[in-house]
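Next come two complexes, and both contain chain A; in the first it sits with chain B, in the second with chain C.
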Partner chain A sequence: MMLIDPQNKLLQTQIMDLIMKKDPRIVVAKDYNYSCTKLQYKENGRLFLSFTCFNFNEIFSIAGNYMIDKYYKDYTKEDPDVGFHLTFSFNVQSAKEEPKIQKNATEAEKAEIQEIKLQIRAENQKLFEKVTKDFSQIRRNFYASAFEQAFDQINKGQTASKFKYQSRENEVVYAIPDQDALNIFYEISFSDNVDKTLANLIITEIIDAKKNVKMAPPISRSNYQSSILKSAFPEVQNIKVDPNSQLITMTLFKAQHFSKNIEQLSTFLQGFRQYLHYHIHASKTYLHSRIIKRISQFQRSLQLCQFEPEVEKKTEDIFTSSGVKA
Partner chain B sequence: MAAAVQVYSDAIRKTLEATLCLRAFPSEIIEKQSKPEIELNGYSSKTRQLVLSPIYLCRSEKEKCVIEPSINSTRISFSIKALDEVDRLIGEKFAKYLAVRADYFEILRRKPIPGYDISFLILDSHLEKYSVQGIINFIIDYVENIDKDLSDIKLNINTQARITAACFVGGLANQ
Partner chain C sequence: MQQTIDQGFYQSKVCVIDNGTGFTKMGWAGNTEPQFDIPTVVADHQEKQKVQMSKNTNENLDYYIGYEAYDYTKSHNIFYPMKSGIVENWDLMEKFWHRSIFDYLRAEPDETTFILTEPPMNPPENRENIAEIFFETFNAKGLHISVQAVLSLFSSAFAPVNEYQKTAGLTGMVLDSGDGVTHCIPVSDGYVIGSCIKHIPLAGRDITQFIQTLLKDRGENIPAEDIKKVAREVKEKYGYCISDGDLIKEFQAYDRGDKNKFKTYYGKNSVTKEKYTIDIGYERFLGPEMFFHPEFLDGKWRSPIDEIIDKSIQTSPVDCRKKLYQNIILSGGSTLFDGFAQRLEQQVQLRIDSRLQKYEQRSGFKPAPIKVNVTQNPFQRYAVWQGGSLMALQPQFEKVYHTRQEYFERGPSIARYNAVFQPQY
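The block that comes next holds the complex of A and B.
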């Protein structure tokens, strides 16, 4: 099942379950881009989170430390688990323990302890929710960190460095920062004809959407001959262009787009390909269901034109007293 | 729009009424075999008297129909209007889904003839199972509704794409 929510629903439910039940077991969740997340609750009361993806080293070299500082500094960075690139752990026992009501306690003491209990329970709940959020959206945090770092640097007036990473096997994302803007080039490639047609349709609508959305960033189709792209990444001139791929560019400005909420913006940017894929899938499902419905109607109408099978007339044998058939 | 389809469908109805007078006719070439003449030899000097000239009915350049009558079979082929890529995609999908289910339809030809999107092949044996008027009504129903269905699907897909795009761009604009 494909989801576009930044938080992985499976991990979200499993993390809470592991923390609450203190159940020593392993949960592995695989996702697109060959990414994989593993959760393990060990008997020593620690919850381990491991993550890997095919382009891990590329993205980690761009903004790995930024991501750890921003989202995972409260957790312990462990040696990566076998088959994974990054492992964090959280000590579940760091949650406060609820006081017990003693048998000989007075009513006033009981009420006081009850109040403290509720307070601690609420604090623990808050802590566990934070852990759940941080752990379940590790994939989003990892992919978004490159954009968030660039936005932060531009906001602070620092010189952000350009970066590129391979988002899928034959797709690359290029980001070229300016003094007060960030140019992003997405290479999108669909090999299937249906996917390609629907992707084209959605991309055309995205390009046209600026008419209806206030402060929409400029989005357009581009190519490898774009002067901005060529000057930042000269190697694109020699690239062998895949006939199925297309380049989409968007320019985000500091004043309009990333001066306030960079998290939401980064979530959309890192998930653009997944977002496209999800909606293409939705359109295909709709197309399939409509066609199947229409075909079954055709089938029914054809069945209605069949001649009714002739029913054989049943004759009763009647015998008279003389034994002769009537 | 409806009137234009009506003229087109009326023309198809009248042509079908005239051409669907089929009878069992064993092949003159393959002994003791009863094969649809239209499929077997097509138009050749040997079958000149058994296979009539095809009748072309066109509503527009892209939306057309050819009816190929013969003594024991009639082949009817339709081309679905495709103005852009999405139209072509929906039309192709529709024809493909129908072709996969050709066994259930009996009168549907599994592979359409070149240049057309869907072909029906009606044999004399079909007329023993289905009423002629029923088959004609089925084909007319197909002609009259396919256009409407496809534009309806296209409209919904376009609306879906527009909403998707607006959501994404709205998200980028921090709205």
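The block that comes next holds the complex of A and C.
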């Protein structure tokens, strides 16, 4: 059950709010992986969206232009805001204005204008929904575009170039395209001990689960000794193997996996780490609530238990009782 | 080969979560308003008869929070994890936090510091439980639990509305009235004077209930499933406090048929989508009158709010009483009624004046008058949240919150202690 929506719920609600209320204010929102988004509605009727993340330049050099072409063609690219790397703007006034019904209009005219009004309102609603969707999933689009570009190139029969980017402080993602496949190597590292154990379990589960899934891609746990990885990125040979981190490899094939609907696949690929993290914490919450229940059960039974009254031992005193008789 | 992340801009990854009985306000620190204001509700499938679910659904993750929860009333049960500002069901609260952190705020708790709020006189065990959940389940980077009243003072101290507030700092009397409970909390230099807190268990929810009964008794044509919503909207949109406290005059104004007084509510049946209208009359001012005549709602409570505030200040240490009178701050959604601040100011002022007059008669000395100030914050509904957001931006904040490392060294008991009054471990 994948619960992490590619659309940022926070941005989604705020964008609609800003557009509808035409309220000039700034909303700053952080997202996963040290990314940050800023929304600003200015009095001139423009909505600005700025985005940044710690590895911006690295990913932008891979597929930045591809992303802009694919998702943000309809918006104006502005000079980046201070502290941000990318800024787009949308002119809210580009929405059509609803006609006004004049006082002296006849009933027939009124009905006609009302119909046009409803039509325009529906069109505007569609436009605003599109803006909300595009703007609220900027993080997803940015990270997924690297994969989407590679898939697209392979689908078209072009040669896609290999790429790698640092996804978090101790984690790097490597992607090595083949003629009709894409090999992806995920480095995953958790600092907390419990998280690490649970991550291990979930990864084992994922690897096992492929038996039950139709056309499951080969997924395995590997180390840096993989020949594909070593030949594509020779620098991995010098990595000091961190006991906390592990490498997961998956190979996606053109025929089975990305001949159509590359968007859904890329959404999952860019959010793989969050997916793991989400479920680790969900399992911890579950375990925690079970522990609490168990403890309260124990406490209840402890409260109910009674001490057995101590039975006094009856020992006969040899001096006072029957032994000595005067 | 991995480079470390340049912190700089990302240093202030702080989330402020203000869990109230009725609504939870949450968002990223640094903003002026919370980004989410959702009901503190969980729709969980537990206690329902087992229904065949698809294999893709994980039963344990099958729950919803906030407004989303109301969409699942048919398949799930609705639970309210908090009562009177205090967490009642920890299991559900943990689930609520899980969803709000991961789905709503999209925060990675390992890198985020959380500011949570608590009502005054919250049992320390509850703070320990919060620390346990945040550090052990979520691995939070840091946690700070702050009293709601102090945060609303923080918000007004950084955006002063009048002259008194510029110098008052963190000293003031906070009247906090949310959905579940109304508190009067005297705060001196950022520390709550615990022994002088007074409270009445009547708040927004009771006003809604009262308006609902008034509407029902009058026989207004409202569908049964919508009546609660209608009552709440009537309260929020049309409620006001009468300025001079003269109830008879106000009743007469309505009886004369004053056009400005009566309002019409336009509603839509949520099931059949039929439109209907209802007239709104006395309930506009009778609901908010709860603060000054609580006996209208509940015979057990007879002291008006101004008397409670006065008593609370009079029991506080003598050196801060004057400051407390000069800085009475309103916080929470139920203090948003039109004219409430003026009415309260007037009533408290009357009490002080009569006391000073009596003193003058008995002693022959004329004491210096005390001017009462009741202020409304422009972001009153979110004053607590805003206070948390401002607090996170202070450079001192880093020294105040408890870190994960501290927790693992000393255990949940760290949540009991204040950063300023350091305990002797």
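Definition applied: the second predicted complex is superposed on the first by the 302 of 326 C-alpha atoms of A that agree within 3 Å, B and C clash if a C-alpha of one lies under 4 Å from a C-alpha of the other, contacts with A are read in each partner's own complex, and residues count from 1 in each chain.
Keep this in mind: contacts are C-beta pairs under 8 Å (C-beta built on N, C-alpha and C of every residue); 3 or more make two chains touch, one makes a residue touch a chain.
Because the structure is a prediction, the values reported are computed rather than measured.
**Q** For A:Asn193, using the defined touch cut-off, is the partner it touches chain B, chain C, both, or neither? Pick first, second, both or neither.
**A** After superposition on chain A, A:Asn193 lies in contact with chain B alone.
**Q** Which of the two partners, first being chain B and second being chain C, lies in contact with A:Asp208: first, second, both, or neither?
**A** Touch status of A:Asp208: first partner only.
**Q** With both complexes superposed on chain A, which partner does A:Arg294 reach: first (chain B), second (chain C), both or neither?
**A** So A:Arg294 only meets chain B here.
**Q** Thinking of the overlay built on chain A, is A:Val172 touched by chain B (first), by chain C (second), by both, or by neither?
**A** So A:Val172 only meets chain C here.
**Q** State whether A:Tyr286 touches chain B only (first), chain C only (second), both chains, or neither.
**A** both
**Q** Quick check for you: in the superposed arrangement, does A:Asp79 touch first (chain B), second (chain C), both or neither?
**A** It touches nothing on chain B or chain C.
**Q** A:Glu312 in the overlay: touching chain B, chain C, both, or neither? Say first, second, both or neither.
**A** Neither: A:Glu312 stays clear of chain B and chain C.
**Q** Which chain A residues lie in the overlap of the chain B contact set and the chain C contact set?
**A** In chain A, positions 282, 286, 292 sit in both the chain B and chain C interfaces.
**Q** Over in the complex, which chain A residues touch chain C? Could you list them?
**A** 1, 3-5, 8-10, 13-14, 25-34, 36, 52, 54, 83, 166, 168-172, 191-192, 195, 235, 238-239, 277-278, 281-282, 284-286, 288-289, 292-293
**Q** Which bits of chain A are touching chain B when the two form their complex?
**A** Per the touch definition, chain A meets chain B at residues 193-194, 197-198, 200-202, 204-206, 208-210, 212-217, 219, 250, 252, 256-257, 260-261, 264-265, 267-269, 272, 275, 279, 282-283, 286-287, 290-292, 294-295, 298-299, 301-302, 304-307.
**Q** Show me the residue ranges of chain C that touch chain A in the complex, using the header's touch definition.
**A** Contact set of chain C toward chain A: 1-6, 9-10, 13, 27-28, 30-33, 35-36, 56-58, 60-62, 90-91, 94-95, 98, 102-111, 133, 136-139.
**Q** Note which residues of chain B are touching chain A in the complex, please.
**A** 85-86, 88-90, 93-94, 97-98, 101, 104-107, 128-131, 133-135, 137-138, 141-142, 145, 149, 152-153, 156-158, 160-162, 164-166, 168-175
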